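Look at the two complexes coming up: chain A is in both, with chain B in one and chain C in the other.
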Partner chain A sequence: MNEKAEKKSLLKNPSFQAILTSLICIALGLLIGYIVLLIINPVGAGEAIKTILLNFLSRSSHPARMKALGNTLAKTAPLLMCALSICFCYKVGLFNIGAAGQYEAGACFGLYAALAWHMPWFVCLLIAALAGAVVGAISGALKAYRNVNEVISGIMLNWILLYLTNMMLNKVKDPASPYTLKLASANKAALIPTAGLNAMFSNNKTVTLAIPLAILFAILIWVILSKTKFGYELKATGYNKEAAMYAGMKEKQNIIVTLAIGGALAGIGAAFLFLTGYQEWSTTQTSVPGMGFNGIAATFLGGLHPIGTIFASFFIQSITDGGALINKSVYPSQISDLISSIIIYLCGFVLFFKFALNNWIDRGSKKKEVSKVTGKEIKADDASKGGDK
Partner chain B sequence: MGQEYAIEMVNITKRFPGIIANDNITLQLKKGEIHALLGENGAGKSTLMSVLFGLYQAEEGVIKKDGKEVKINNPNDANDLGIGMVHQHFKLVQCFTVLENIILGVESTKGGMLQMEEARAKVMALSEKYGLQVDPDAKIEDITVGMQQRTEILKMLYRDNEILIFDEPTAVLTPQEIEELMQIMKNLRAEGKSILFITHKLNEIKAVADRVTVLRRGKYIGTVDVADTSKEEMSRMMVGRDVNMVVEKKPAKTGDVILKVEGMTVASKVHANNAVKDVSLEVREGEIVCIAGIDGNGQTEFVYGLTGMEPLVDGKITLCGEDVSKSSIRHRSTHGMSHIPEDRHKHGLVLDYPLEYNMVLQRYFEPEFTAKSGFLKKKEIRAYSEKLEAEHDVRSGQGPITIARAMSGGNQQKAIIAREIDKEHKLLVAVQPTRGLDVGAIEGVHRHLIEERDNGRAVLLVSLELEEVMNVPDRILVMYEGELVGELDPKKTTVEELGLYMAGAKKNVTVNANTSEIEESEVIDNVRSGKEEA
Partner chain C sequence: MLLLVQYTIIFASVLCLVALGGCFSEHSGVINLGLEGIMVMGALGGAVTMFLLPSDSSKIVIVLATTLAAVIIGVIYSCLLAVASINFKADQTLIGTAMNLLATAAATVFVRAMNTSLNPDNVSSSIQYIHEKKAFLKYIGKFEFNWFMLMAIVLLIVSYFVLYKTKFGLRLQACGENPQAADSVGINVYAMRWAGVLISGFLGGLGGIVYITAGVSEWKFEMGVAGFGFLALAVMIFGQWRPTKIALAALLFGMFRALSNVYTGIGFLAALHMPSTVYNMLPYIISLIVLAFTSKNSRAPKAEGIPYDKGMR
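Entry: the complex of A and B
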């Protein structure tokens, strides 16, 4: 009886709930992904899902594994920054779907500063942050003063920034390809230092300070939100804008500041990718980079908690990379994106499962109460329920 | 008793997780009677009605219509049984006419075309029969609250409902409109309709009801004949203890002017014209001034202008000798103004914050609660919250860490009052501080207001409750369509007179110099004598 009560309270514990529902989402995503694979070609389905999950672990040698892990980590850092951007804004009641555009702004001005002005990496990083902040602040100002939904202005800015970036970076691109110049040859000082981290990952030079810095940002965001006066005001504004105004907070200013900070985080995210030399910007791309959108999934999968976001970002990046390893002779080449996007899509269902879980707990306790009052055999009821679990 | 019951709810029990909302409740409505359902907030009235309308299913108990057991699974079943309800908040389509609203959902059609003439004839006949004056072609947004309510009643009658439920129907009406409604209810009874009248106003029960069923905390307390039961007895049944119905207070000892408002004009958010027009008033140390009026006559906007939540179009506000007309909300709050807001969910609390965070909502930035580094001093916040909770008897499930949303309305309000009173202030602006509270809690709020006054604070009370307006303040200012139309002395005036002012039927010029209409010179004399003391 006592043990059961403990079980109940554990189920009601919000952190436990967050982790549990995230795991349910992952499991369900994998299941649906598996079913899709089965439908396309039943022969390699099991193997493919294993490849997605194992990602770098599926490599044959240890050095190869570490190198692949390094690649995943290098891309986790920008994803984490985008997720933090969305998470931070979400806590203040804003849905920052414009993170993708802010990320583009970061890429645009970060790379431009590196390639056109030959700035060192930290200056490029600051410029990227500033660019993202400005784009975020535009959405923020529109929201605060004209009540324009930040989702609408964010999506529109995503496209505006995409073509602005293509146009700007066209000036610093490699004449032979649509890609921007390689930092390693054009401006070495703009590469984020590896600080020896590359040694641990089979000399993978894309493993840089960006990774520990991103984790530091996650901790910083968590501290700001939960421990400071600034966080108190921002969250109050997010929960109840009217009450924030009543209490004399500058709620309009808070909205702009929040989106500007969110923008800065996403801008830094872009710098964390493009200033590692991991890849170059393609000036002919016609779609908004997925990083900002995957950040949404990482935010929800991370239980809307900055620290949880760290793990969620790594997981999502890992299955995305794992998807690329699927045997292309068995499945069409689009399969990797399809499967990882199904899983990412399901990650967005965290809140739904949380709701369902709470409903289920409530119903359970109600049932118990009824049986108590009506004098049914409680013990038998409990025993059968205990068996269920 | 040999008399048939129109509807019976026998031994109804309805549970929610952690609470029994209806515990073995029996409600028997006789044919052709007005039966009052009395209980405080949270007594289980709404749940019982939801069971009757099939919105909830009772775990135990049966519902009988004319002695036969019936099953009500959804509101349509209830409608088929002839049960209709006038909700507290009307369910009317604003941009439709009265007639269109009445027939909504039961339109008679021929080949897909509306047959309005038929409907109009039936509505007009009903209107005449029961004395329900409406203009069938007026749009809802253009008519008075009273007429909107009559439209709702006609809606029930148009559907040939035999059992009519009125849910707190008088909350939004003027005394005169209440009078009219009572007459309408009597007419309906005379025509054989059975009426269930949900209220917590004892005067109204005394005025129209035949019998009353009292609920308290989900339990059935009893059903009694109204004629043989005094108001005090009913109140005791409802609250479970003796309630002090009269507010006791010493004469006011007024001092300096704390708040001076001159010519305040505030724009309206919904209309093109101003919601508050050229309002001037003074509140002194040690007095309670009440702004009375029917809901929606500019009181809300006046408070917004006063507290800084809306900019002024024109006018000047002087607080403790300082011109704060253009100051921020924070400046006014830290320079002597405390504000118990009208809507505690919208403004008063961050519902998803724990209680302790809400307790410091007006003071979190002070050095006492925030370190120089910008970090919150959580220990101090916790201690302060615990102190306020103890001093003001704020009850909650888990103390300071209780999420405000999980607290009862009364305790939420207590928390707000504790916060606003404990903060340093000279002026307390209390807007409908007893809204939605039960009798016991109301008593406590009134005691606090009087205490504030006796401690030399200036109190500006905005209230819609007549009983509160008559008992608590030292002076009454009546607001009608954004203007102050009269100043009354609560000791000398009557509810009827107050009602005439609230309805705009009477005005006097002593408050607003530019109000030219004078309808009753006698009133002015009456009022002037009251004004001279101030």
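Entry: the complex of A and C
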């Protein structure tokens, strides 16, 4: 009896429910991905989905595995920052789809500071954060003062900043290719220090301080949102703008500050990718980088909790990297994008799922009570029902 | 200059169609952020049809089959939004975003798989339709008339008529303004919202195929539709959710989009020596500024974005 009660309380526990629903979303997403692979070519589908799931574990030797894990971690850090940006804003009732644009702003000014002004890494990082914050604040100000939906303005800014970044970074690009100059040769001081972390990952130089810093940011955001007055005010504004205003909170200012913080997080995310030398910005790219959008997947998969987001970001990045490893002459690598977008879609049903789960638990416990009670109590129950009518 | 007019009209047709789609959906009470994805899917359906049709098909067959395929795929894809947001009361912003990502990923996977199965060395994500595209064009002097332009005008008039002059249209709008009141007089709110979303799928899918046949004869599906669905949403907001104003807004936005294609051919613009990226940015910058000035007294349907719950009064 005791055991059963415990099981029920576990099922009712919100964090357990969040993890359960996320796992169900992942399982369904992978299942659909597997079916698509089967349709394309049934022979290697099992192998392919295994590769996507295992990612670095599918490498043959231990050093190669660690190196691949390092690469995945290096890209998880920026993804986590974008996810935190979206998570933070969502908690305040704002859908920060503009994270992609704020990320571009961070890349633009962070790289420009590194390559044109030869700044050290921490200055570049600050500039990137500032650039992202400014872009976020533009969205916020438009929302607060001009009633422009932050989703629409965010999307417009994504495209504006894409072209702006291409234009700006065109000045510091490698003359022979569309990519910006390599930091390792142009300005070593702008590379985020590895602090010995690279030794653990088969000397993978892209494993830097960025990874522990990103995790620290996740904890910081969690603390701000759930333990401080500032976070409480922001959340109150998100729940009910009018009530927050009535309680003496500056609701307009809160909206702008929220999006500015979100922007700073996304801007730092860009710095965490481009200042590790993992890759360069291509000045001819014509689509908004996917990092900001994958951040949405990571946020919702992480159950809208900063700590959950850490694991979700790693998972999303891991299947994306895994997708790049499958046999490209048979399967398109975008299959991972397909899986993660299906996961986001399914996350929309999470509320309904939780509702159904709680309903099911409640009904179960009611039945048990009914079977336990004596006839007298049943009568009383009936009487109360009659009263309801 | 003629080229500018021609591009303006074709881009305006796209924006007008898609914005009308958004208009129907929002009047029924559902925010359709997935228009971008619906466009991609419509474009995919149309492009694949053009690719698969035998090359000796008559022009009328090509036009009808392509349009029909785009529309059908668009409607089917919009069901994803309808099911989630109407029946399961999901967050409409999240579902719309997911649909946009899903459409680009699915289209890329589909086209690459198709290309690879036909030719193992071909791993590109583009479809060519140089020959088939000619079926849509008719030259009037030097002006390249496109059948889609006519379709856009007809659908604009039909939309206006349906929204304001029919029982269906007025009921649809009631569901977006006050669904509880609509329900109390016997209107099935869920059915009306489904209708609104499906109509937006119809128009969005059509807009998608028009967009990828405007000016180019090959499409790389990795690119999606480059934010055009969102531009259409801006057109809809600027047009105050009304078909007539939407048409005018579409012309304005279409012109700015057309400028980025043809500015080199216009004397004084070419003389300014501005980088082409400036022209690429222009439509988005303009729409942001325009939105900043028009959103304050917005005429958005009052109940849009709020899932309808029968139990809530």
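Criterion: the second predicted complex is superposed on the first by the 325 of 389 C-alpha atoms of A that agree within 3 Å, B and C clash if a C-alpha of one lies under 4 Å from a C-alpha of the other, contacts with A are read in each partner's own complex, and residues count from 1 in each chain.
What we mean here is this: contacts are C-beta pairs under 8 Å (C-beta built on N, C-alpha and C of every residue); 3 or more make two chains touch, one makes a residue touch a chain.
Small disclaimer: the values here were computed from a predicted structure and weren't measured.
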| item | value |
| --- | --- |
| Larger contact residue set on chain A - chain B or chain C | C |
| Contacts of A:Leu53 with chain B and chain C, given as first, second, both or neither | neither |
| Which of chain B and chain C A:Val134 touches, first, second, both or neither | neither |
| Touching partner for A:Phe95 - first (chain B), second (chain C), both, neither | second |
| Touching partner for A:Leu213 - first (chain B), second (chain C), both, neither | neither |
| Residues of chain A that lie at the interface with chain B and also at the interface with chain C | none |
| Contact footprint of chain A on chain B as seen in their complex | 15-18, 59, 307, 309, 328-331, 333-334, 339, 341, 346-353, 357, 361-362, 364-365, 370, 374-376, 378 |
| Residues on chain C engaged by chain A in the complex (per definition of touch) | 33, 80, 84-85, 88-91, 93-95, 97-99, 101-102, 104-106, 108-109, 112-113, 116-117, 120, 123, 125, 222-224, 226-227, 230, 233-234, 237, 275, 277-278, 280-281, 284-285, 287-288, 291-293, 295-296, 298 |
| Complex contact set, residues of chain A against chain C | 36, 40, 95, 97, 142, 146-149, 151-153, 155-160, 163-164, 166-167, 286-288, 293, 296-297, 300, 328-332, 334-335, 337-338, 340-342, 344-345, 347-349, 351-352 |
| Residue numbers on chain A that touch chain B, as the complex places them | 227-230, 232-233, 235-236, 239-240, 242-249, 362, 365-366, 369-370, 373 |
